[in-house]
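One structure is given here, and the rest of the page talks about it.
Naming follows writing order (A, B, C, D, E, F and G), and every chain is counted from residue 1.
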């Protein structure tokens, strides 16, 4: 018996669009509800569906746990890096005004990069959490 | 605006009923599922209170992720709460009653609900509403406060998530990767 | 009109909660929860329409998505007792 | 609305107490974590209510709107929600470890196994 | 490659519907996002004939129209059942042989049966579908092959 | 009150009525599988009508496109999750309710596999 | 760069933690963690000096001025605490290398050190910040790191104790959040100084009072004040040695600091001690806690557990000092925060050295320790003497000030209680010393702990004596800090 056929077809169809939706939320956080956290969670949902449909081992072929840990650390570093950059450019920590000649452009750059860092960390950590939990439950 | 009140009342009653139900349910899977309703309802309530960003987060992060993690945990720990002969526990009840009474005392002097001249609405927040367009030029005030004015909080928040990742990986992360040859070849 | 619609949705949600609490089987509860979820999506779109804000519709979309994922997770839980299991149909058929 | 407003708060307090009670009286660890979430969520309601302005639009700048709800509580609660999820994740991971090493996630059982717990 | 192109096309439409902004920054971010999604989806191997049945597009659209009609009809039937004081239900489980439609066809068939009230697909595969029907009438519809003949067939592509 | 308003109101109310009726069915029906017919399934049309009604109110904007998107999403996912749940129940060994003293069903409620 | 010192203290571990978590093996992350804690220590010492020169330092995060953005505000009290945290980290990190290799294993070391760094980061952030909500965020960072670290112990009971701490800690954190919310709704601000300006006008409000109650209760859960201490003994007992040393020396102390900041700076002495008679709550609890925890401590067979109960007792001393509501009492409390941190770290570290060799820290493991591990044992003895409050140790300095403060108020019974507490401490430390000197070890060979453990340990022991003899440094700073705190946030 070919299990979960319907589920598989629908799930496979949805995964890319869920991820695209996540990216949309990431980049439109400035204009409407949304931002790095929500985007990260939604983007991670793409991997969640994949894990649920094909198992965590198979998801690990796509993004390994080690890779996810690197990304999750990278997100923190990106965020803090913006702060360090503004320190080095002579402002206070996380003062985006100094990132560009014009304060408003600086704020824009700062906010977009920072949100991107948030998104990286949240998406990777949530995927990581799910994969660790799911793997722990596998019959050995 | 009466409509908002109507929805508000309904949602609050839902929440109250659900929370009582959660207390009484023995089957853990049911409890988790009912908790899912609780989360989704609370997100609707946030919507009614005009907090779209919060509703978004509660739906995506709060409801979605917590529920899936809880299900994953239940898959390992089993779903039945053991039925023990419930000894009546007095102490928790006393603690909870005292806390509740204190809170009830505390809300006596709260400023009226939803009035624009409340202290919370006139002191710090107006600057965000009036100046953020000039200072950051970002239409979503929540984003500009989150990422710029209180950007340091958000950095802390990212670190919280990172810490959770580290913590879970330390606690239940796999020690060594053991991929059998079959599985490795499977993805070819 | 909108008020009547909201009331109808809320009544439907209440009935779903009643079923979720009555059970009797876990499947009934989950069914009720699913119904509750779709009604919540409708409620959110209604609120978005009331506020006249198109961007609130994103939230409704997220709800629908979470609902679906929750359902798959529950199914996975029932069928295999583990969320990470590859199932009898993995990548290959 | 003022009467209704108070009732809002009363129900939040009720939810808080239900969550707190679940947290400290439940024997099952997962129930405790669910209680924790209920408890925290009700605190979030309280915050959001604090920032609510009757008739105010959501805090996204729009042409022709002057009355907005207070964005600050929203920002705080965004942070707090994430904190709550992080705590839940760590708590669940601990629960799994406890199940694996004790074979039970009932506090009463654990207590029977080792009175010092 | 065909499927990736199809995905990119659909994804671009989705982005446009969601975003609706014409700022150059957002447009370029959109392009990047769509490409990134396509890359990931390709890596996940989730885009294939099953999930993006481009070759069936036209047939599918025609079928959907038909399906919509069926949904409305059977919803009305369902409403009558629910509201009648004496509920006229006589539930039964039946197994019906269906023609081979391939994986996608089966999925569509299954969902269509579920979508029309009165019947729910319990299981599908191996040329058989197990259906729970709420009364004899609904059961007979399925037995008479309500959808079976109209499913856009996917034969020869998969399974 | 333009014709569009009336149309949208009709759609909205029809959708909501369907939703309530579905929920009533959820309460009235005797067992899980029959409830599934009532609830899991009226949902789709209910959401469709409802979202259609709202879309008319929004007018021909991107918002309507978004509503359509939500509808499409639900069109895909609702029957899928209903089916998934039904299947889980079936595999979990939940027996369908049958009309009392019904006609020769076996233990699992099978009528016996009939070929068409 | 010197103007950025307040943020550098926090930034260094923040940047190092993700980096460390990605490294391989045990050595590289250890080096990173150690260097970073030293760097932070240097920063905090510089900060302390800076505060001495120019008074309160204000640092606006993101360049937004105070009530709108988040500010870091360093005065003597936080500077002292920062020195304590980073100092303890700087000593514990070198010590951790050997014990972590034994207790955690190489594979999990990178993440373990990352968690340690996150703990330090959270504690430093809580200390340095001047924003009530920011405290909550960093509180949760440090708590999450703590839950994880506590659960890393080898004993399986580490897991349950960590879980119960998670539940208690979350209740504490959420109570704090409720309290801050109540204050926010009444004032509209989250900045501590701004709150301090606005709260006096609202002192009649039931909401503010409830907020006060919730904040104090929440923090008291975190700092393990007497009836709320139940999570602490198990948590300390089963955690890895290095973790116990670091957390035992710093975590509860930072909670004490937050309590002090809330009571004195934010609400003000007037509100806390006159309008709400906080003394009548804190002092009795402290007295009962002191006596009961010390008594329970005597009955413990596990030495680590004994020290954990003794921590509860010592926290009670600190709360006693705070409860007096006077400058003298506050000075004594702050002194004891610092001094207790040093001596508890020394004691836990010497126990860690014992555990490293003996595999356990039961009373029987201490038999004949004077012969088998003399250096470790003497370190324990000196730490114990300090705990009792023998002259020429740091413990004496703070207890002496506490007694002076009590005498100033004419609280004779409290003085008696303090002395009784010391006697009880003498008894429980005495049991260990007796076992070490007079009991025969199971195995008579000499097996001193390795130098990697001994050197950090003895640095602390020497600090115990040095700061006990040369009291100028700590006492002066504590007095200055107390004066600043008593003046409230408004004057700053």
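By our rule, a residue touches a chain if its C-beta (ideal position, glycine included) is under 8 Å from a C-beta of that chain, and two chains touch if they have at least 3 such contacts.
Because the structure is a prediction, the values reported are computed rather than measured.
Any chain touching subunit B that also touches subunit G appears here: A, D. Annotation of subunit A and subunit D: jointly contacted by B, C, G, touch as defined at the top. Look at the CA centroids: the one farthest from the centroid of subunit B belongs to E. No other pair of chains has as many C-beta pairs in contact as B-D.
Relative to the C-alpha centre of subunit D, the farthest chain centre belongs to E.
Subunit C and subunit F, compared by their mean Cα positions, are separated by 12 Å. Averaged Cα coordinates give subunit D a centre that lies 38 Å from the centre of subunit E. A straight line joining the Cα centres of subunit E and subunit F is 15 Å long.
With centres set at the average Cα position, the gap from subunit C to subunit G is 47 Å. Residue positions of subunit D touching 2 or more other chains: 16, 20, 24, 50, 57-58, 60, 72-73, 76, 78-79, 82-83, 86-87, 89-90, 92-97.
Among the residues of subunit E, those touching two or more other chains are numbered 14, 18, 103, 110-111, 121, 123, 159. Multi-chain contact residues of subunit B (touching two or more other chains): 50, 52-53, 55-57, 60-61, 64-65, 68-69, 72-76, 103, 107, 110, 120-121, 124-125, 128, 139-140, 142, 146, 148, 150-157, 159-164, 167-169, 171-173, 186-187. In the complex of the two chains, the subunit A residues touching subunit E come out as 1-3, 5-6, 8-13, 15-17, 19-21, 23-24, 27-28, 31, 46, 50, 62. Residues of subunit E that touch subunit A in their complex: 7, 10-11, 14-15, 18-19, 21, 26, 29-30, 33-34, 36-38, 40-41, 43-44, 46-48, 50-52, 103-104, 106-107, 110-111, 121, 123-126, 159. Residue ranges of subunit D in contact with subunit C, taken from their complex: 57-58, 60. Put simply, subunit A touches subunit D in their complex at residues 31-33, 37, 122, 129, 132-133, 136.
The part of subunit A that touches subunit C in the complex is made up of residues 1-5, 7-8, 11, 14, 18, 21, 25, 28, 31-34, 38, 42, 45, 48-49, 51-58, 130-131, 133-139.
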